[in-house]
Structures are given as C-alpha cells and as structure tokens.
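For reference, chains read A, B, C, D and E in written order, and residue numbers begin at 1 within each chain.
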Amino acid sequence: MGRRRGSTPYLLLGPGLAWLAAFFLVPLVLLAYQSLQSGSFDFGYQFTWEFSNYWDAITNYKTQLIRSFVYAGLATLLALLISYPLVYWIAFRGGRWKNLFLLAIIAPFFVTYLIRTLAWQNILADQGMVVGILRDLHILAPDGRLLATSTAVVAGITYNFLPFMALPLYVALEQIDPRLLEAAQDLYASRLRVFLRVTLPLSLPGVFAGTLLTFIPAAGDFINAQLLGTPNQHMIGNVIQSKFLELIDYPAAAALSFVLMAFILVGVAAYSRALGTERLTG
Amino acid sequence: MTAVESLRDETNVAAPAQQADVRLDGVTKSFDDVVAVDDLTVEVPKGSFFALLGPSGCGKTTTLRMIGGFEEPDAGAIFLGDRAVTGLPPHKRDVNTVFQSYALFPHLTIFENVAFGLRRRRIKGKQLAGRVHEMLGLVDLHGMDQRKPRQLSGGQQQRVALARALVNNPQVLLLDEPLGALDLKLRKQMQLTLKQIQHEIGITFVHVTHDQEEAMTMADTIAVMNGGRIEQLGPPEDLYERPRTSFVARFLGASNLLPGTVEENGRVRLRSGHVVEVSDGAVERGTEVAVGIRPEKLRVGGEQLANRLRGTVAERSYVGVATQYIVSTADGTLTLFVQNAEPGAGSLEPGADIDLSFDPEAAFVVDHTQEEDT
Amino acid sequence: MTAVESLRDETNVAAPAQQADVRLDGVTKSFDDVVAVDDLTVEVPKGSFFALLGPSGCGKTTTLRMIGGFEEPDAGAIFLGDRAVTGLPPHKRDVNTVFQSYALFPHLTIFENVAFGLRRRRIKGKQLAGRVHEMLGLVDLHGMDQRKPRQLSGGQQQRVALARALVNNPQVLLLDEPLGALDLKLRKQMQLTLKQIQHEIGITFVHVTHDQEEAMTMADTIAVMNGGRIEQLGPPEDLYERPRTSFVARFLGASNLLPGTVEENGRVRLRSGHVVEVSDGAVERGTEVAVGIRPEKLRVGGEQLANRLRGTVAERSYVGVATQYIVSTADGTLTLFVQNAEPGAGSLEPGADIDLSFDPEAAFVVDHTQEEDT
Amino acid sequence: GGSDDGEGAAGTTTSSGQQQLAKTLMFSNWTLYIDIDPKTKKPGTLQQFQQKTGTTVRYFEDINDNATYFGKIQRPLSQGQSIDRDIIVLTDNSRFPGLLIDKGWAEKLDKSAIPNISNLQASLQHPSFDPNRDYSLPWQSGMTGIASNLKLTGTPVTTMDDLLENPKYKGKVTLLTEMADTMSLVMLANGDDPTNVTDASFDKAYDRIKAAVDSGQVRQFTGNDYTGPLSRGDLACCMSWSGDVVQLTQDNPNLKWNLPETGGDIWTDNMLIPKGGDAYTASAFMNFVYDPKIAAQIAAYVTYVSPVKGAREEAMKIDKKVAANTLIFPDDETLSKVKIFDSKALTNQDYLERWQTVIGA
Amino acid sequence: MSVAAQRLPVAHRRTGVWAFVKRHFLTAYAIGAFVYLLLPIAVVIAFSFNDPKGRFNYVWQGFTLDNWIHWNAVPGLQDAVVLSLEIALLSSLIATALGTLIALALVRYNFRGRGTTNLWIFLPMSTPEIVLGASLLALFLNLHFATGFATILIAHIMFNISFVVVTVKARLVGFDVHLEEAAMDLGADPWTTFRKVTLPLIAPGILAGGLLAFALSVDDFVITYFNSGSEVTFPLFVWGAARVGAPPQVNVIGTAIFVIALAAMAANILIQARRSKHAKGMA
C-alpha cells in the first residue's frame, strides 16, 4: 500500500480534485447556503440559518427516505446476485472476447433510459407474455400485474444500475491468480468452497466498489419510481424533484439533498469498516 | 465432470482406495506446439519415496500437475490406487501438492493457510489449532502464524507451502522442489522431517528436486526425465554407478566420458589408441562407446589400479571438502577430486605431469552416440 | 522524492561513479516488530564477487532490496561508489536485481522482458534484438522469446529473470538465489557464465545463495548472516577451515563439535576426560569451548594422526561420492565421510567398533556458549 | 436580448418612428411541435416567415417539461440576465406562464404588430393568468378528456365517476400529473367550477382523488406516458389529451377519446416573450402564425387544437380528413364544454403541496 | 492431438445429462443473464422496423425499412446523437484520465487527508442530480459562463470522475508491486514504469471505468438539461419527443450505436488476435 511519500500523491490528485473542487464543491457550497434560507419563491428567499429545513426534511419524509434505502438495498443485492456469476464467467471463461462482453453489459445505455423503459413496459405489459406466464404459474394473481408495483420499481433500479455492479466486480475477478484456485482445490475445497474461501474474499474489493457504485446513485434515483411505480412507491429523489421543480422550494430541496448525502456517507463509512475493505481499498 | 459420475461407480467395484499408489500409463501432454510430457509410463509403489529428476523444462511440474488433477492429459490414463482418476477434480483426489510457485493464499494468515485443508475436512477448534501449530513447529515457523504470506521471506513462504500440504497426511504427496529456497542446514532438517513423516504415516512421496544429493539420500527410486520422457529409472546407486545413457551419466554429477571403440568384451580402445578394461562387457564388438568414470573414482598415481592414464594438470581449484583438478589427456580433459585430508592433496601445480588410474569396477560404458543429445 | 534533489547536488561533488562498489554503514531495517536487518556494516570491493549466506529469514533479501532501493533503511547509510544513495529511486541506481520471486512482466513476451532494460536506454532494432537473443542463448532459452512468462517452467522463468538483469551490464548486480530452481548441470553452466561475465565486464556481484558449494567456488568473499547481522566475513577457505563461531561452523557444511575445557595452550580436555591437541591456541585457559572437526577430516583407524577417538558405528548411509557413518562416542555422536574409492570404504557394519583420528591442523576451536544459539 | 450574436437584437426605432424587424428571432419550443416541410425537412412555417420578412428564425426544441424548463430559466431571469430567447412556449395547465408574468419576466406583446389577434378563438381570449392577452398568445391547444380502450371497456367511458370509482376498472386507470388537468375534470364532475376554485371545491375534489388512489383504483399519475399502456391495453381508460389520441387511434382503432359528460378542460401552450426578448419581432412572428393559412398548416401537422379561427376552412384545402377531425378542429359545441383551470389555484402553495403529496412526491 | 482424439470419445460416452448440465451451468447462466440485459435492446431493434401510422411507436403495426432508409427524417435527432457521442467520448476520456490518477494516489501513497479524500469521492455520486445540475448552473451563471457544449462537458466529467476512481481502485488493490520495482530496477523512471507496466496491467480496470463513464454520460438527462443551454443531446431529444410521440428513428439510432460499438470492439479484438498470431509465427 502507501509507500513513498512526498509530493507525488498530491500531483496525482491535483487535476482531478481541482476539477471536483471547482465544479462540485463550489456548487455544493451554494447549495448549503440555499439549504439554510427561508421564504418562498414568490416573495424571495432570505438567508436565516434556517436549520428547521433539515428537521422538516427528516421528519416529513421519513417514509420516502427509508423506502429509498430499502429499494436501493434490494436492488443492490439483486444486482450483485445477478451480475456475479455473469462476470465470473466473463473473467474466467471469456477468453479473448472479454472486452466485447463488457461492452455488451453497458450496451443498454446506448438507447436512452426512456426507450429502455418503454421496451420493458412492452415486455412486462399486463397483456404481455411474461405476465401471462406468471399468471398461469400462479406466481401472479389472475388480475395481478408487474408494472406500477414496488416489484417493478426495484426491478427497474436493478436493471438500470447493473453495469455499475458488474464492471467493478469484473475488474477484481479478472486479476485473481488461477493458481490460487488450483491450490484450494488441491486442499479438498469443492467448487463451492473454493468460491467461498478464495474467490469471493479475493474479489471483495470489487464487491465493495460495485455495491457502492450501485447503492449510492440508486438511493437518489427518482425516475424508476416515477415511471414504474404508483404514488406509493415514490422515493426521496421524487420528493426532491417535486420540491425543486413543482413547488420551487429550493431550501427544502437543498436540505433534503444534504440529509440524503449525510445518510449515505455515514452508511459508506460504516460499510467499509464492516467489510474491512478500508484497508484493502486504501 | 464427465468422468466423475462414472468414477463414483467404479470406486464401488474397485478395491479399497487405501492401497493407493500412483500409476501413469502412456500419459502425454502438450501445450500448443510444446510437448511437455511425452507418452510417460511410470509406477510409484505405495509408501515409497519417488524422486523425479531432470533438467529444467523437462516436464516434471507438468507431470505432477496431471497427477494432482490440474491438467488433463491429452492421452493416456492416470491411476491413484486402482482407480483411474482422469477427469476427477483435484479436491476429490486424496493428493496434496507443494507448488513450485507456493500459491499461498494472500488474503489468509499463515495459520489459516495451513489450516485450509483441515477445515475442509471439518476439523475444528483445539484439534485444528494443535495440528497447525505442530506443523508450523516442524517447519520452524513458530510465532509467525498471524502474518500474511507477503510478510514472509522466500524460504519462509516455501515452508508454509510445505506445511500446508503436509498437515493433511494425504495418501500421496506431490512435492515440486519443496526445499529449493532453503539453506543447507534447514534443508537437511526438513529432509529428515519428511523422511520421518513418510515412515510414520507411510505417505507416498513424489518429489521433484534439483538437489541430487537430496534425491540420492532420500529416494527409494529415482526417475531421470529428459524432454518429457523417462531416461532411466531405478534405485539411487544404480543410476549413479551404472548410468545407462551418457545423459544420465552427465546429469548425475560430473562424469568423465572417454570416447572409444569396443575391442572385445571388457576392453575398450580409446581414441588415443590406449586400451582400458571395463567391468560390464555386454557391449557388441566394434560399437562406438564412451567409457565413463566419476571424478572421485580417479586416483592420483597409484599403480594399484588396472587402468592408467597420463596427463598434465590444467587447472586446480579448491572446493571445500576436496581439491578439484582439471587434467588434459590424449583422450580429452578429465576432472578429478582429491580429498584434502589425503597427504599432499593440494600439492600438484598446474602444468605438472600427473598419473591417473582407475578400477575397472568403477568405470561404466554408455553409448557414445547419445553424447550429443545433451 | 525530497531526498533525490539533495542527492543530485551530492553527486556533483562526489567522485565519478565508475569506481562503484557497495557499502552499507550501520544499516537497520525493521518491519513493524521484526528486525530484518540489524545495524549491518559491510563493504563490497569493486568488481568482486560477494556471496551472502545465511539461514532462511536472516535478512538477505531485505539487504539486497535496500541496496536496490526498494526499501528505505530505518537507520544507516548505503553507498554506491562514493555516493550515498539513501533515498535515490531504483531507476537512478546503476544496479540490477534478479528477484527471488522473478517478478517477470506477465503481459510482455520473454523477448520484451529481457529487452525492457535496454529499451529504457534507447537501444533499438538490430542491436537490441542481437543482445537479447545473445543473452537468451546464454541462458539456454532459444526460441522461447515469443512466449509469455506463464508459459514457461519454473527454471525457465528464473533464467529469464537472470537474463533480464544480466543483459544490462550494470555496475552492480544483485542476485537473490538466481540459480535456485535449476538442476545441477545447468546451475554449473550458469555459474561459469556468471564468472565469465564478471571477469569480462568486471561487474560487482552481490550474490545470495543457499548452495554453499556455489558460494565456495564462486565468491571472493563470503558473508554469513544470522538474525540480521553478519556473523563472519572472509574468503571461503577461512570460513570453512577456521569458522569463528559454532553457528558458522554448523552452517557451512556439517561439523562435529566436541565440548570441552581449555587445559593449556593447544590442549583441550573433552567431557569424557580425553585430551586432544588443537592447532590454534589463542584461547585462555579454563574457558568452555568446543573442538570442531569436519566429517571428511576424520580418518578411520590410522595411527598416523595425533588425536584419536573411539566409538561404535550407529548408522551408515550411502551418499554417492562417499559413505556416511554416524559414530557415537563418549563425547557425543560424530559424522564422517569415507571416500568410496578408498579400499573397504563401505565395509563397516552398524554396531562395529571404530577408531577415529584427526590432525590437530584440521581441528578448530569455537566458543562453546554459542552452540545454543543455533 | 435578441440573437446570441447580438446583432439586430431589440427592434430599433428609426427616425420615422417606424419599427424594424431584427435579423434573427430566437424561438424555443417543444420538440416536434411545428410543421416540417417534407422536401427541405425544415420547419416550413419558419422558412415562409423568412421569405416574407427576411428575419431568420433560430428554432430550438429545448423545452420538454414546463417545470424543468422554468427551473432552468428562472435563475438568469431572476438575476436580470437575458436567456437569449424572443419567444418561449409554456403550458397554462401549469403555474409557470402566470408566474413568468407576475414576476415581470415577460415582455408585453406589441399588439400593433398583431392585427391577426382577432383570429384568436373566443374561448381562449380571457385566461385568468393573462385576462387581456397582454403577454401571451396560444401556440396550440389541447383538450383534456377521457380515453378508453374499447377492447376492455366495451363502450366509451364518459364519466369521471367510472374513472374514479367503477371497480371494473380498478388498477387500470391513470390520471394526469398536472393539477389543472385532473382537478378541473373532477371538479366539473363534482358540479364545481374549475375556473374559480374555492377551498371547499378543492377539498371535495382532493378527497375524492385521494380515495381513488388509496383504494388502488388509480394506477398511476402520468404525463403523456399513459400512451403506451393505453394503446397496449394495460389501461382500460384514463385521463388523456386529445392530441395524443389523434395519433394513437391511427394505430389502434379501439381507442376512443371524449370529453366527460360533465365537461372537460382545455389547456394552451402559450407563446411568451421572456424579459430582454425582442417584442416587436416576436409579435410580428405571432401575427404571421395567426394567419389562418399558416395556422392550418401547423395544426394539420402537429394535430393539436388550433387556437386560430378560420384555420379549419384553410385546412380543408390541405387535408379534408384532418379538417374533419373534431379533436383537431373541435366544433363550437365541444368548445363550449371545455374550461380553463383557475390560475390562482395554480399558484396557491398550499394546494400545490397537497397535490404533490397525493400524486406521491 | 490425434492421440487425444482417440480417447475423447471415451470421455463423452460417459457424459450424463446431469454432468453436462453441471459443466455448462455457468455458461448457460451467463447466456441467460445476457438475454436479460439485452432483451429491451431486442425490442428496441424490433420496433426500429415497426411501421406505425401515428407518432407513437408502441404497438407492432408491420415491418418496414423506411425508418432505416430515412433514419435522419426526424429533424434535430441526428445532431442530438452526434452531440451526445462527442460529449460521451470526451468526458469519459478525460474523466478516466483524472480518475485513474486519483485512484493511483489513493491506493499507492500514504498522505495527509487520504482517508477524507476516500470519503469525499463518494459525495458527487450521492448528490441528487437535480440539485447538482441546478447549483452547477447557478455557478456558471454567476461566472457569466455561457452554457452549452463546454458546460455539458464540464458537468459530465465532474460526475464521471468518482465512478472511474472507485472502479480503478478495485483493480489497483492487490496489484503486485514487485513488478513495478522490477521495472524501476531496470532503469524505468516512474512515468515509464506506469506506462509500460502499471498501465497495461490495470488496463481492464481503466477500460471498465471508462465504459461506466461513457454509459453515464451518454444516458444522462437531468444534469445535462440544466447546463445544456440551447444544445440538445440524445436523451434530451427523446424526452422532448416523448410528449408528442416516439418516432421509430429513435430506435434506429439507438440500434445503430449499439451495433456499431459492438462491431468495432469485435473487429479490434480480432485484429489484435491476428497480430499476436503473426508475432508467434515470426518466432
């Protein structure tokens, strides 16, 4: 890990962090300033250290906050379960086509979100084949549906954030030395054991990165809930959206954003401690 | 997996697996253009210590890897006991390997590395810790059990690899240069440990080593490989005293090979015209051969022995136990060692004339044509 | 990087770097709790062949890594030539290393691996290819230049590592067990190659090896390390003939150490009460010492020598060149080798009584207390 | 103001007091919301305007949501900065056209330059956010009514009661996200007046909608993303906009649109001149598109309701089928049944917040 | 090989169905997963051949090639796509460069504020898009910085960096430092070492990061919308068009990008394969 000190690390960080400082930190400060304002759009906002904005944000939108984290958590878990075997296959069986498969994973992003979702709506339509089968299998009630349900929202998030899980996972899996897997097998580890005791631990950095890249943006997502959910599935992102655009209540929107960020950061810190990858990921 | 199922059945009919030994039957393995192992057939009796010797790149590791189940032979079959294991995954073979590249688990402590195999067999708690620490003791790694592999020196890592395999008392232990990174003292110590374990538990060892003394002192049987094939196989003394090919002769310790023609049984006329007696006479008259004689079997002066050679000292160098002389004769340059303990061992200056003699018993004959192939 | 700047200046004032040799001055390095190298001070004369011997984990690699610039010493200074290089990054040191773990570039072909250093020096085209292929020839790796490292056997990889370092003709070459994975024959061949290169280009070699014969035959100076310190340093013969500590005595080949007390100069009374003569008498009367004698210096029977011992044969084993006897005497068990070429070498059965004798000249005295620390 | 290259921006007054047209007119509109000349693949109307006046129109399709677009332009406007537009188009079922005017971020029209204003449909002449059309003129209009998929409903659904309470359609119904659209229809169904909202009438409608949501009768609140599910048959019936259904029926004849018996809502996309825009040139352009010929040409292409009287007759000459379509050229009887939602209600923060909670955000 | 051929059948004769399934389970799964991933694309492709009479491309009406022949019939669509691709390429390239450097610093060096930096990296990801986009716009306005191509690019780079950093870090952890030491030992300065050894070995990580960045950029709506000035990217166009319909050309373009990208990648792979074979041939 960290070896030579001196100016080098700062030189490396320099350009990137400068960029973030200029185009993320500064706006963030404006945002913070806004989050402490009071007043209304019609009569203008004044800066009054209005901490109550934060309090309101937390108290009034507990449900949406919790819902966001639950949905994001579920989606992250699903994404992990779905993509791990896939990228495992790519990493160890992909041969020279590895990169092609990687590209295929992000390919859905080439047609924009709306089109993707329209396509899904087509596939999962109440009258569609999928739903039909599920109904025949009595997984769905005869009048049951997939669209406009929590299932749909979580599924939508899962699908749309899958690449953010898959690619980091791949990155970590791809550099595992196969000789270690051989050694494990030599020591009587069944395929499952090899996976649990060697492959998985060695891929933890990837799991760590993947889960964060999925969970964090997912927690702030609003579009899936809007297009695939009913009013009862709306997440904190939708609230912020409507506060900002429809109600033009900028302080509230800003305060909510900071609340969300705070929760996420705390989560990240705790998570990395728990997973012990702080050490790993440096 | 294909074979696995079928094997399950087989094992039912097969004899109990205890009497396991290793048998390779016409095994061949090539990597794209390279033929690493070439129609290899060999049998390792149960509980024996089998050493695999051979030049770098001759296919030793590949052979072990096939026995361990990490490579599928292109052709031929491998048996553990009476059981054909071709296609059986490594974890289903009661075989452990000390890998040439160690392959220690970087994310696990030394303790967990060694404990790995035991845990797979549901050994837990005190018993586990006991065996692991005992084994770490045997390889002189007390108190390092909480370190990670990268915090160990090369030799220490190698010993962890050794411990990790030994601790499981498998039926067959495959060692790919398990002691290569250890100093002489430690190596001797480990050799003893291995021998003990073998006697106590009767493990079958297949041992790849570059240290000929190691092979000589430890092995019941030595196989000398060359280019994916076995060149000669037998007990250490035989290989050393009676190499059947010049390759083996040269490979096991320095050899002086004097080209000549078989005159009549027991007699060989060297290039210089000088005739020497040799003990094994089963070579046909007129064949081109080489007479081989080990450096330490050449005596200085000494009329007491049947065969004599004349030459002049070309070089002299000191090698601890003995002094080494390079002597040039009409039949080529010879190497000989003189024990320093002998009176006037190091006395001969380069340039001095020297009389050499050797016992027909000490000489051996190999086919001269093979000389090239090394 | 800070240190680099200051060094730039230094170099200007410093003498031309040609007369490079390696000097370590009170260098210490510890990893958290482990002291790997402990206040080490040693000087390697330019163009000399310096061998570093020592038990596994004694700090050899760490020492090399500090010379190479991969580890910063916690204390002390390192000089290449007259130039203090502490803090100088590796690529600014005209030193090349053969890593114990090879560290070949997995993504580059063998050719590119070897060419790496040359390319950094802007050597191109024919010249580059020429030198690379020449070097691959020297290490017997013709025609493998387009393979990737993982497609090579262990020994082949090691040779690539060797070639990769050698091809650059650096001022100082650090070799961390460069021949450990090679068979005797190839190892000897490589040893010669190294020696040649050293003579031709006058490179300074710092050579870590576990093969004592290798150290003995190749090195001008040998340093025996133990627990991060240098135990004894000197020319091979000295270390072998006159080890100063029992550790060195034991470490360099088997030694028989007989505990006793100094009677008067030149005489030592062993535990059994038996008195033996020894040549070096500079030990004070009454001190507890051990009399050391190399196995091959013990003669069977032979009234011709001053010191005699009685014992019975406990074990006999065959080690190619000679027969090894373990003999138990009143003063402990002794090991001795008898050349098989000698008349009746292997004749003594276990249990038989045996008379041993040795020349005072052949014996040495080490402080007995140190016996424990091994 | 004016074009971004700054030249000939604001209409300048010559010595004679005669006003001059700017060289370029910056026009922001919704995507695919103007007629396209099949030959040049460029907006025909704009080309004709250029040929006629020499003013090139730089046309931006950068509006795709009222709220979002307002969120984007409000900051420069509030800082007194120009947004480099002479005309923008905002919908009056949202609060934003009103907001723009109240905030004084809109330029007055130069009515002297718009004689054709007389062609404006009567029903659209006095919206409460701009009673005298001093700041805004309709671009296109649309009616909010009920669309049914006859496959599922059999007969057209004609009452909000069916929509909100009929269990037959449970979970197969969507309402519109825009408060104005949904509220006005429900209020009409309640017998209240959407053009003049009272707390009482709002509460009544609000409770009724909330009940429908909680019972699961209402599946979603949508923008025009009801179109997919509707035409695929996931929805039995839903609140929808006339213009969409015009398009949908071409692919799916089972779709039927009609105003609720209790009456519907008409919304209008209004052309406005943001502060710093060139009022004179903008007005001249508005006048141009209020020529029935041009209006007909646009309406025939975008198939929304044209606010221009006489456009229908002109359309006859272009495309009889279109002209006959009462969804594009509604008859006066239809027009009499549609109302414009009370804009005061649209700016009532309390109403808005409650609305946002009922639609889920 | 001929020898191998002889005994292969033996192996196969013993192959049970279950064994077969067991062996190919993972592959089967992978195929399944790809189907799941690409199913919507399939629909999109299918509907790019649809022939709707209205402006909504929802229900299958019949097969036609017109949409492909008149792929740029929809005004503004072509420009939007070109703009999107330009932005996506540039932003992912720059963000990947900056992000990789940060990752290197974070994994390889101990310096004051390392822990904080590590956490800070996650902030941009956790900031809701709307507020991020809006406050960035505010910044540009206060600087009187005309919004347009440049501002979109700036924004995209900004939110891409973090994703790259996290991805590349996952690769750098567990990188064998000895290889860099070896390079330095052979006289390579840090930069050369990076170029010749580190870079090739962490390339998969960088590629993955770049792909993520590209995906994010090419698909972003909210942040872009606020800072796009009068520029219209592909997502903006589609969202706008959605109000009055979804022209099949949108599917055509989507399909085209998808196909071209994959084809290019495949070609690249094949070329490399041929090169290496050629190299072997010479040896």
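Observations
Criterion: contacts are C-beta pairs under 8 Å (C-beta built on N, C-alpha and C of every residue); 3 or more make two chains touch, one makes a residue touch a chain.
These numbers were taken from a predicted model, which means no experiment stands behind them.
Between chain B and chain D, the least number of touch steps comes to 2. The central chain of the assembly on a C-alpha centroid basis is E. Ranked by C-beta contact pairs, the top interface belongs to chains A-E. Centre to centre, using the average C-alpha position, chain C and chain E are separated by 54 Å. Centre-to-centre, using mean CA coordinates, chain B is 53 Å away from chain E.
Inter-chain spacing, taken between the CA centroids of chain D and chain E, is 38 Å. Distance between chain centres (mean CA atoms), chain C to chain D: 91 Å. For chain A, residues that reach two or more other chains under the stated contact definition are 4, 8, 118, 122, 202, 241, 244-245. Looking at chain B, residues 101, 106 sit in touch with two or more other chains. Of all residues in chain E, those that touch two or more other chains are 58, 130, 134, 138, 174, 190, 239, 242.
Residues 68-70, 89-91, 95-97, 99, 101, 103-108, 116-117, 120-121, 164-165, 168 of chain B are the ones that touch chain A when the two sit in their complex. Partner chain D is touched in their complex by these residues of chain A: 40, 42, 118, 121-122, 125-128, 143, 145, 147-148, 225, 227, 229-234, 238-239, 241-248.
Considering their complex, residues 26-27, 29-30, 33-34, 36-41, 43-44, 47, 58, 98-99, 101-102, 104-111, 114, 117-120, 122-132, 134-136, 138-139, 154-155, 157-158, 161, 163, 165-175, 177, 190, 204-205, 207-209, 211-212, 214-216, 218-219, 221, 234-235, 238-239, 242, 246, 250-251, 254-255, 257-258, 261-262, 265-266, 268-269, 272-273 of chain E touch chain A. For chain D in complex with chain A, the residues that touch the partner chain are 65, 67-68, 70-71, 74, 102, 171-172, 213, 218-221, 225, 228-229, 232-234, 347, 349, 352-353, 356, 358-361. Listing the residues of chain A that touch chain B in their complex gives 177, 179-180, 182-191, 193-194, 197-198, 201-202.
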